[in-house]
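Which chain is which? They are A, B and C, in the order written, and residues in each are numbered from 1.
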Amino acid sequence: MTPEVVSDPVSRVRRPPVYGRHQFLGVAGFIVFASILATVLDSAYNYGLLSSWLTMSILGLGFYLVFGLGGQFAFSQAAFFGLGAYSSAWASRSTSFGWGLLAAIVIGAAVALLFSLLVFRTNQFYFAITTLAFSQIALVVFREFDAFTGSGGEVIGIRKPDAFGYQFNTDVRIVWLLIGAVGVALFLVAMIERSPLRREALAVHAQPTVAATLGMPTGRLRLLMFVLGSSFAAVAGSLQAHRSGFISTEGFSVALAIDIFLILLLGGVSSMWGPIVGAAFVVVAPEKLRFIGNYRGMVYGILLILVIVVFPKGLVGLFETGWNRIRRRQSTDPEILGDSSAPDPSLEVGR
Amino acid sequence: MLSANGITVRFGGVVAVDNVSFDVPDGTTLGLIGPNGSGKSTFLNALTGVVPSTGTASLDGRRLPLGKPRSTRRAGLARTFQTPQNFGELSCIENVLLADSDRRFTGLTGAWLARPSMWRSERARWKRALDHLELVGLGAHAEQPASLLSYGQQRMLELARSLVGTPSILLLDEPSAGLNATETAELGRILLDVRDRGLALLIVDHKIDFIDSLCDTIVVLQLGRVVASGAPSEVWKDPVVVEAYLGEG
Amino acid sequence: MDRFISLFTIGIAQGAIIAIVALGFLLIYKATGVVNFAQGDLVTLGAYVAVWASTERGWPLGVAYLLAIVVLFVVGIVLERFAYAPLRGRSIHVVVISTLGAALVIRAIILKWMGPTPTRLASPLGFDVITVGKARIPKQNLLIIGLTVISVGGTMLVFNMTQFGRQVRALASDRVTAMLQGIRATRMSMLTFGLSAAMSALAGVLIAPTRAVTVDLGFSVMLYAFAAAILGGMGRLGGVVVAAIAIGLVRQLGSGYINADYAEIYPFILMLVVLAARPEGLFGHDTGSRL
């Protein structure tokens, strides 16, 4: 801690933490990767898988904001997915896809705001259970409120997406639309990651009382993360509705909410790339691995338990740990080796 | 100047802090001592709004809103905790950045719409944070996760974090606990330095030497009540205090 | 009036089942601090064990009921060993997620074992009804109420009068101190998981004759039980029982007098409204934060 700090590898602080760019590079990399997939793959089946992966990625990214950054145990993500789908189908009936999407965002955000204002002061487990109750209420409303959702919660013939006169009316065109949408979603999240908002959300999530004594608006931050994440879900719902042309309440049950937990936890709860990786697993694994397809519930359940017991940082965390190990092995700098004797932060468990 | 007036905290039927009043003028240090369970920490928690309490408190003549930690902090009252409460998964500098009183562009606007402005204010915050880390001797650890620091360093990090928001009074809850002699001396030096810049300090601690060397006034609590107060030399002559401390064992 | 009597008894009977599940849930919560999201699937499993014993084996209903309760007691202990014991001391978030995983596994096992086709469990009283005025009340409802009074009363006695109850209460008020004073936490948590699962089984066999038995049987009961536990403030058992009965009544009376299509959600709306006004529940008290 004397002036010779320059030789210390950890002291090379040249700019504020919000300046790093690797997230933005990652977004670009993701778009390239997805575009290659969209070009290489060619069957309707594969386009379907790709589209599901992209839709679930948006849903998972939203949940990353709510649970990963915001630390809020919410089962409502599936319900907001449904709300977005129904709102979009309803608003686009006599207008266009654009209005539907807008309606999904506005209605999703407004309902999320109202809900979280209503149960604002409850503690985290009460909050979790109120989100479960909210999901049940939403499902019943979808099923019964015919003027909004169609008879029995089934809507058919939802128009295909379009933008500025361009029709996304084939499977591959929809894939491109979804790549764009995930790109935008990732970009928005990356901007949050590279801003003070990330650290503020994590602090409020870790120790709300301490955060408040530092002068942080803890309630407002919690609210913000919940509303943002729920709006992401609503956007995903809108895209899902217009992609498939058909929605029913089946697709928005609590089972989906639990899948979303798995997406985030398996992928990695502490990284924005977690939900992308997790969504790929949840969408592709049951299709490609017969065993998983047949024993889906069992495999998912055991995976949930395994993930939090054995690798709480998820697949992304595993990659990172592996990568760091390789880098350390290559380096012969004694100071860095000395530094690595400190406890590995990735072994720090739970929150 | 901090004035506390008739601060009282009740937990169920137990009165943990009973009608405690005193002033801490700017540029002075007040030591709050007393046996375990005498209500020292509870008193700090009451002032910072972490536990519900009655009474009034004011800072530089302005009334402090009791029970509202955030407003209290913004009014200029900062604190540290009995066990360091840092955010382990954030880096040291991020821990300090959190507490900066300039909160412009820290929200969604800064993240999405006004990034250049966000960068600008962030650069200023970052410089201040780094200065404060240097002040407590943690400049070299800025980018390290706070969870990797030693216990003593955790305390120093918390100190930097509480100073960065330019408070007018700093409340320290057993700042020397768990520090070795060198670290305690270093802490004392920093605190004197801080006081000389005009801050008021309110220190709860068990180390008598540490308190004596720093404080202009000492207030002794027992069972939630003030039983003695005054300059250190007077207080230690007070038979009630002697008895309380001998009774403590 | 007849309609009211009929709705009222059904409401009480449903509330009674919710009360059993809620007490089972609270037992685990108090002894270990865990919010067990597998509670609903334990109810379902209990019902299915009874279905299996009575329809596939042809055993008498009484035996089927007992078997369900015994089997679930064991399942509860297994659950504790696999989904909770390895995680003791970890953050509560982690444990809750683990119970979610356990719920998925139990559900998948039921589906593999008994298939997705809805089935039925007979009531030991058949379709007998009692007539009060013109209201026809199925005797099953009276059986439910009767058994609930016995089991809830028993739970309260155990909780307040026995060594076991004292230890659970000690764990609930201060885990660390309780364990330092020699309460054997491992045995206690196995026992509470077992008892709680056995209570779920009782609820399962009681509710099964009143509706189709599917793999979703326990889920809505669990949600109502959560709501009851919250409304009761996770605190006094009596408060939770009152809240459970209130939920059963609100659901039935709402269904009868407001709009039956939305019957499922009246209790949840009640819960949200109460929580908006009193975030700590009706009979709860703010525990404050610890630093």
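Here, contacts are C-beta pairs under 8 Å (C-beta built on N, C-alpha and C of every residue); 3 or more make two chains touch, one makes a residue touch a chain.
From a predicted model like this one, the values you see are computed outputs, not experimental measurements.
**Student:** Report the chain whose CA-based centre is farthest from the CA-based centre of subunit C.
**Tutor:** B
**Student:** Looking at mean CA positions, which chain is nearest the middle of everything shown?
**Tutor:** A
**Student:** Please work out the Cα centroid separation of subunit A and subunit B, and write it as a whole number of Å.
**Tutor:** Roughly 38 Å separates the two chain centres.
**Student:** So, what's the distance in Å between the C-alpha centres of subunit C and subunit A?
**Tutor:** 33
**Student:** With chain centres taken as the means of their Cα atoms, state the distance from subunit B to subunit C in Å.
**Tutor:** 47
**Student:** Residues of subunit B that touch two or more other chains: which are they?
**Tutor:** Subunit B, residues with two or more chain partners: 50, 81, 85.
**Student:** Multi-chain contacts in subunit A: which residues touch at least two other chains?
**Tutor:** 209-210, 351
**Student:** For subunit C, which residues are shared contacts with two or more other chains?
**Tutor:** Subunit C, residues with two or more chain partners: 289, 291.
**Student:** Which stretch or stretches of subunit A touch subunit B in the complex?
**Tutor:** Subunit A residues touching subunit B: 1, 5, 8, 10-13, 15-19, 188, 191-192, 194-197, 199-200, 202-203, 206-207, 209-218, 224, 228, 270, 342-343, 345, 348, 351.
**Student:** Residues of subunit B touching subunit A in their complex?
**Tutor:** 48-50, 69-70, 72-74, 79, 81, 85, 87-91, 93-94, 97-99, 101, 103, 105-108, 110-112, 115, 118-119, 122-123, 125-126, 130, 137-145, 147-148, 161, 165
**Student:** What residues of subunit C sit close enough to touch subunit A in their complex?
**Tutor:** Per the touch definition, subunit C meets subunit A at residues 35, 82-83, 86-87, 90-91, 93-94, 96-98, 100-109, 111-112, 219-220, 223, 226-227, 230, 261-262, 264-265, 268-269, 271-272, 275-276, 279-281, 289, 291.
**Student:** For a test of understanding, state which residues of subunit A touch subunit C in their complex under the given definition.
**Tutor:** For subunit A paired with subunit C, touching residues are 73, 118-123, 125-126, 128-130, 132-134, 136-137, 140-141, 144, 209-210, 254, 258, 261, 265, 295-298, 300-305, 308-309, 312, 349-351.
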